[in-house]
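Next come two complexes, and both contain chain A; in the first it sits with chain B, in the second with chain C.
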Partner chain A sequence: MTNPGPVTKTIVDKRAGGRWRAVLPAWSPKLGIGLGLVVLIALFGLLGPLFTGDPSAVRDIGLTSPSGDHLLGTTQTGQDVLAQLTHATRGSLQIGLLVGVLATVLSAIFGIIGSYAGGALDEVFSLFSNVALVIPGLPLVIVIAGFVPADQRGSWTIAVVLALTGWAAAARVLRAQTLSLRNRDYVAAARVSGEKTWRVICVEILPNLLPILASQFVFAVILAILNEAGLSFLGLGASNSSTLGTMLYYAQNGFALQLDAWWWFVPPGLIIALFGCGLALINFSIDEIINPQLRTGHARQNDSDVTAAKPSSGNRSAVLTVTGLDVVYRADPPVHAVRDVSLTLGRGEILGLAGESGCGKTTLAYAINRLHRPPAQVTAGSVVLHDRDGQDIDVLALDAERLRTFRWSKLSMVFQGAMNALNPVTPVRAQLEDVLTTHRPDMSKQERRSRCAEVFRRVGVDPSRLDSYAHELSGGMRQRVMIAMAMLLEPQVMIMDEPTTALDVVVQRGILREILRLRDEMAFAVIFITHDLPLLLEISDRIAVMRSGEVVEYATADEIHRRPRHPYTRQLLRSFPSLTGERGLFAMSTPERETS
Partner chain B sequence: MTTLEVTGLVKDYVIRSGLRRATLRAVDGVSFELRPGRTVALVGESGSGKSTVARMIARLEEPTSGRITVTTPDGRRVDDRTYRDHVQMIFQDPFASLNPFHTVQHHLVRPLRLHHRDASWPAVRHLLERVNLKPAEDFAARRPHELSGGQRQRVAIARALAPGARVVVADEPVSMLDVSIRLDILSLLAELQREETLAVLYITHDLATARHFSDEILVMYRGRVVERGPADDVILRPRHPYTRLLAAAAPNPDARGRSLDLDVPESFDTTETYDHYQASR
Partner chain C sequence: MNYYVRKLLFYVVALWTAVTLNFLIPRLMPGNPVDILMAKLQVRGGSVDPAARRAYELLLGTGGDESLLSQYFAYLGNMLTGDFGVSVSVFPAEVSEVIASSLPWTIVLVGLATLLSFLLGIALGAIVGWKRGTWLDTLVPATTVLAAVPYFWLALILAAVFATTLGWFPLSGGYDVTLTPGWNAEFIGSAVYHGILPALTIVVSSVGGWLLGMRNMTVSAASEDYVLTARAKGLRDSRIMIRYAARNAVLPSVAGFAISLGFVVSGSIITEQVFSYPGIGSKLLQAVQNNDYALMQGIFLVITVAVLAANLAVDLLYGLIDARTRARV
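Let's turn to the complex of A and B:
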């Protein structure tokens, strides 16, 4: 920065931690133990040799068990095991670090540069790393190490050999991630602003790869130490070097196992195991940065303090009554996502639920269906479904088994982005029939087939498409399949969460027409969740407008269109310019000045 | 004034499946002109090729054929090296178009410096204040995850203005934002366009905002422009069957209870562009 001025300098300094917080793992016991192990062993290798004597000094006391003079005993030739152990640890760490750095650099070059450049370079680099990946590592290492004369086999040779056989898997991972990153808009934005390619890679892409690079580095170190130990144990290690592997090699040759000289072979083995364990624990914590989903603990679901539903007040025309529903996310601080929401859904009614992202509309839908997961929790209220046969079902009080049968058959749901919810590896028929075999076990195969064909016809998809796979269907078609699946068991209520948001208007209209037609034919009720208020104004009977978990206005669509009461409803309506009205006139039919 | 002229723009994509090669013509002979102080809206559904046009103008994609020429006020043609001093782009998703690793300040200082402009703090503050991010000191030090969607898009707009570009391509700039802030962002764009007499290409699938925020509308269907004309003419008196279908399919609260049935033909005639300008002549 040339001169950002003193003001920002201090602000930037104050927030300097922010940049790294995103790439540093969160503190956890796993990370603590891992770091502790690694640091202890590193210090042992680093400082140990300063305090112990010459590891190769031969004494004529022969093989002795641990004692005051020799804390870990001596070898066959009277060498001090502790002194050997400190030097060997140092040697192994050196090789591990060296290989870790070399392999990471190699994988970064082949993984990142190739995939960013694309085209022929990517093909060549990718082919090269694929070939390197399928070459079995250790046997090749043995061949190469055996090929180089023993007197020329220094630590560097071994490190290079190990790095050459160990980088390919990491390159594949980096390539995949870079391919995803290079298509991000911020990379395109950097190119549009005129950044040079190397800067785009180093400044825009590389920081976002840091967690992966770190985990691949750690993995390379573990692998290198293990492989080096294996090589040295076979006598193919670096000449004149002292590593944990060579210690084990001499222990083996000195018949340590047969002589029960555990102090000779257990300590080096233990150090390898503990170091690997420590690095693996660190890697778990790094994985949590890459995939934050791993971080959420499994809180126990506890909805016991929900009020029992009152007996139905004889409202026969209603199919679903939600009373005083509260949903809280037990986070720190707790988030009250749904507050005291009461809704009544009439039979055959289309209820629009409007609101912006984060207003709690999806949480509400999930809670009605009891699909909410911890940390979300229903803390108050009731959800009652008034069944066709006159029975009232308290949804929040159902046990697991009854909930399972209740869900798709009485109340089904079309999820947000549902068109991507189809299983890609089985034809859609199998997925539809699966619902029937679960919920209607006494149905014959023939009946199942005809039922599937029937629902397809109802949503306007040719039944021959039943044998298609998800990728063979267009977005609108997939959305129709999801709606067909939701109505397979003739539910009384369907909750649709943004069912048409990702679709083009023409397709959207076709699906809306089907929903309205099906409503008329089958008399089910629909809760239609969307942020598209003009759409709700046109198709729904009543509309509930939500903001920050509360229903701020609940009235008929006509009422909301002509006489919106809440300022937020008016603000939302003003956000939609009218397509055909005068310029500057928005979705609200009465101009603002008349209402205010 | 700085104008951008697009002539006969064509983009083919090669689709390889096994040994077979097929070409898909994403953009087919599109021509238009962006003039200072005017907004041209390019409307169409997904797959119509409108974003490909934007990416070619931003030079993220190479046109298969056709020309994009930018002329400066003194009549010179802008060369490749300085092209990006004149043409900038605003991306659709402000959650993706800002690098999560860098501060707002970084996002603005880089383009300023790359285009040899004053990258000092007052210049950055000025940019932030232009897009109503105040206090600028506070926003400059934040990282994208500390901003709301609307604030991010404001940063993205400031970044597009940083090189001093006079031609701005806005690719669906509000479709990822919450509805209640969409108009604020579009109004900000309109205000900047007026004050700096920018030439703006507004790409959208939303006919209503296209009508309210642009002077001219081009309707794209399968890579071709099927109708063009003054905004109100195209939306209120659509002539091409495809434009009519689009206008009829948009939700309309005033038409409650109308039949939702639409007569959707398999495809439309794209051989001719219905041009309201020529028709009125």
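Let's turn to the complex of A and C:
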């Protein structure tokens, strides 16, 4: 387990079974309103012309406001606006659909085929898409339309021109997605097994691209309707066509604006806006399939129903006491991730927390610092930090502001996977100084700088590296930077969550030695979380073994080494080859080592 | 290859493509634009000297037996010296003069409105994305309506409400025509006053797109480990939002600037038309309506160069705000 947050499944990862169900958007009010708008307007354009009269019939009742006879009034020449509106809606939808299909096909050709083939073809297609993207579309369309004489400007000409200028953005999105799909295992397997290229594309790639294709198609339709309307409004649309844009063109030229004939120019634009809005709402639902994170719903933080047990105090040699802690993921059914956990961390002690992936150790660590996110919730127990000055801090009872000042100054954390724990776009110096400017506002700039350099030296990193970005540092160095950052405020407790898991053995050794030395020098206590029990035997004072959210064994390292009581502890001990190779047996079982 | 070199090369290719398109389009289209132009020029009493004809021919195609390649090189030469021929709709002005007099209006109007809309959209998007799960979520569908409204229609509505009905702003024009253009407070004030409605149109219709993109990226960034680390560090919520979540979330918006700028420019051209704004968009349409092909070509090229330049500037900025791009080889 790498993250206690809600488990996100990415749809494109799914194969075969459930593929079609997964492609369909989940029902939501947004989708309902969107579909409703689109269907209504489509019906209006499709069936409306059958019920309304001749849109071009001229009457001598120019510019009458809406009435029983003419529900939306009349134009300058007495034509019925409602009749015109139905025909215009039909025209706009037709061209939108046509352009949408053409543009999507073009974008699929340039986006999917190029990136699937790779190499020079990809380079050329990608360059072509990017160039097409930066050349402004409408001016180009206007120029082309300007050269084609009005009588030769048919619907197809306009549709082709609009499609030619509107496919590039979608191609770029499709290319990025195809590139990532192409390297998935099952696609690679299909290729290696000698399936034909077109088959791989059609069977393995296309279905996974469907949500994106759908979303790009919807987008292309919106864009086409808007652009066609713009073009027609300028008088450059297809000749003899009747679209919402041409209606607005006549309204503008008939001085509808100056004559306050709102019924003439408001409805066409409103139809475009509502139709576009409907399509956009549908697109939202499709986007949520592509990126499940976007789903709205969970409130951010809600700890209100913690039934805080009376914190037990009086243990002067302890720095942190966790009593009866329960953490539940409010899912359906609820998952009890941490169950009645009680631990005591002595001053300067290293407490090992061992257990397999998903046993709740990371959730426990986050809950101690109240970093868990919904749907995780602390439902019972207490966390008390016994401060140096003799004060007891009930962590679960702190209000937001006091919790904020508590974090890092009393208890800091080193996360697993330091690559992602560092902000990629600012130098590490800024991320270290951030801590000092927030928690030690009185420090001068000079003092901050020297403090950062000092902690860097302590973890064995050259202070000149302070100006580096995360991507410029090696994995081991990034982890050292995280440890340096954790020491900035000289906290009394440091929680280290798999700090060395992703590193190679030599670097791992170096960092462990560093942690032990720093602990001796600065006397902070450490909760060291790892799945590697033999490693804990070497560095910890005491060890808690967790399984399914519960602490099944809690004893000194020596005790666990010599007389493991719980069968699960014995199993864990056997299943790992240790760093030194003395304990554990390689041959016993295949260790399921985490890599992240 | 260095990031900046790559970007520069790309824009050189894009520019070359645009110039070449400009050369090819009139030659691929039906009709004989040169003759039309020459006829118009004669009606206006312009000199039908061989030099004028030559300039048009290079721009629009000779129809003669001159090879396409030699036409192309002569055309490139003319483009380099800024010689786009004579405009027939604004006779006897040179195309380059017409462009020079209208371009500043558009650049100031569209540039400022786009900048304003970008900043507004980014700021609002970051807040809406960060405060997910609160009432702010309801803003999200609302912005789609704005994004789907045609620019020119919104312009019509704004004009109807604020100019015709309420009379707060002028209905059309770029400045009070009784004033002489110049760098004095009265003229600038008048220009700002006339620019408010067109600018409002551009801002209102484009802010939704920025907001939505930024909101989605902020939502993604908020679940990143570095944001969790920032919270563990006990930083203030606003600081985490700005320095960690938004700072990372803004990158795709900046990278996607090219796409959005295309929309804005397209929309602005039509907006100018509604307000009869003295910018380059109105001139382009005037040129199209009058078959002033030379002016049309010149304006298309200038708009393209301006858009490419803006994109290049943004790409260079991107290199500054994301150190990783500079490292990538």
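Here is the rule we use: the second predicted complex is superposed on the first by the 532 of 596 C-alpha atoms of A that agree within 3 Å, B and C clash if a C-alpha of one lies under 4 Å from a C-alpha of the other, contacts with A are read in each partner's own complex, and residues count from 1 in each chain.
We adopt the following convention: a residue touches a chain if its C-beta (ideal position, glycine included) is under 8 Å from a C-beta of that chain, and two chains touch if they have at least 3 such contacts.
None of the values given here were measured: they were computed from a predicted structure.
Using the superposition on chain A described above, determine whether A:Leu396 touches chain B (first), chain C (second), both, or neither.
Touch status of A:Leu396: no partner.
Is A:Asp504 touching anything from chain B or chain C once the two structures are fitted on A? First, second, both or neither.
first
Applying the document's definition of touch, where does A:Val435 land relative to chain B and chain C: first, second, both, or neither?
A:Val435: touches chain C, not chain B.
Report for A:Ile483: first if it touches chain B alone, second if chain C alone, otherwise both or neither.
neither
Please indicate which partner A:Glu472 is in contact with in the superposed arrangement: first for chain B, second for chain C, both, or neither.
Only chain C is touched by A:Glu472; chain B is not.
Looking at A:Ala557 after the superposition, I want to know if it touches chain B, chain C, both of them or none. Which is it: first, second, both, neither?
first
Which residues form the common part of the chain A surface touched by chain B and by chain C?
3, 5
Show me the residue ranges of chain C that touch chain A in the complex, using the header's touch definition.
Per the stated touch rule, the residues are 10-11, 13-14, 17-18, 21-22, 25-26, 29-31, 33, 131-134, 137, 140-141, 144-145, 147-154, 156-157, 159-160, 164-165, 171, 216, 219-220, 223-226, 228-236, 239, 243-244, 247-248, 251, 258-259, 261-262, 265-267, 269-270, 273-274, 284-285, 287-289, 291, 293, 296-297, 299-300, 303-304, 307-308, 311, 321-324, 327.
Help me check something: in the complex, which residues belonging to chain B touch chain A?
Chain B reaches chain A through residues 45-46, 55, 58-60, 84, 88-89, 91-93, 96-103, 105, 109-111, 113-115, 119-122, 124, 137-138, 140-143, 145-146, 156, 159, 162-163, 178-183, 205, 207-209, 211-212, 232, 235-236, 245-247, 249-256, 260-262, 264.
Per the contact definition, I'd like the list of chain A residues that touch chain C in the complex.
Per the stated touch rule, the residues are 3, 5, 30, 33, 127, 130-131, 133-140, 142-149, 152, 169, 222, 226-227, 229-230, 233-236, 248, 251-252, 257-258, 260, 262, 265-266, 268-269, 272-277, 279-281, 284, 287, 291, 293-294, 296-300, 369, 371, 403-409, 412-413, 415, 417, 420-427, 430, 434-435, 438-439, 469, 471-472, 485.
In their shared complex, at which residues does chain A touch chain B?
Where chain A meets chain B, its residues are 1-5, 7-8, 11-12, 14-15, 18-19, 22-23, 184-186, 188-195, 203-204, 207-208, 356-357, 504-506, 508-510, 512-513, 516, 531-535, 537-539, 557-558, 561, 571-572, 574-581, 583-584, 587, 589.
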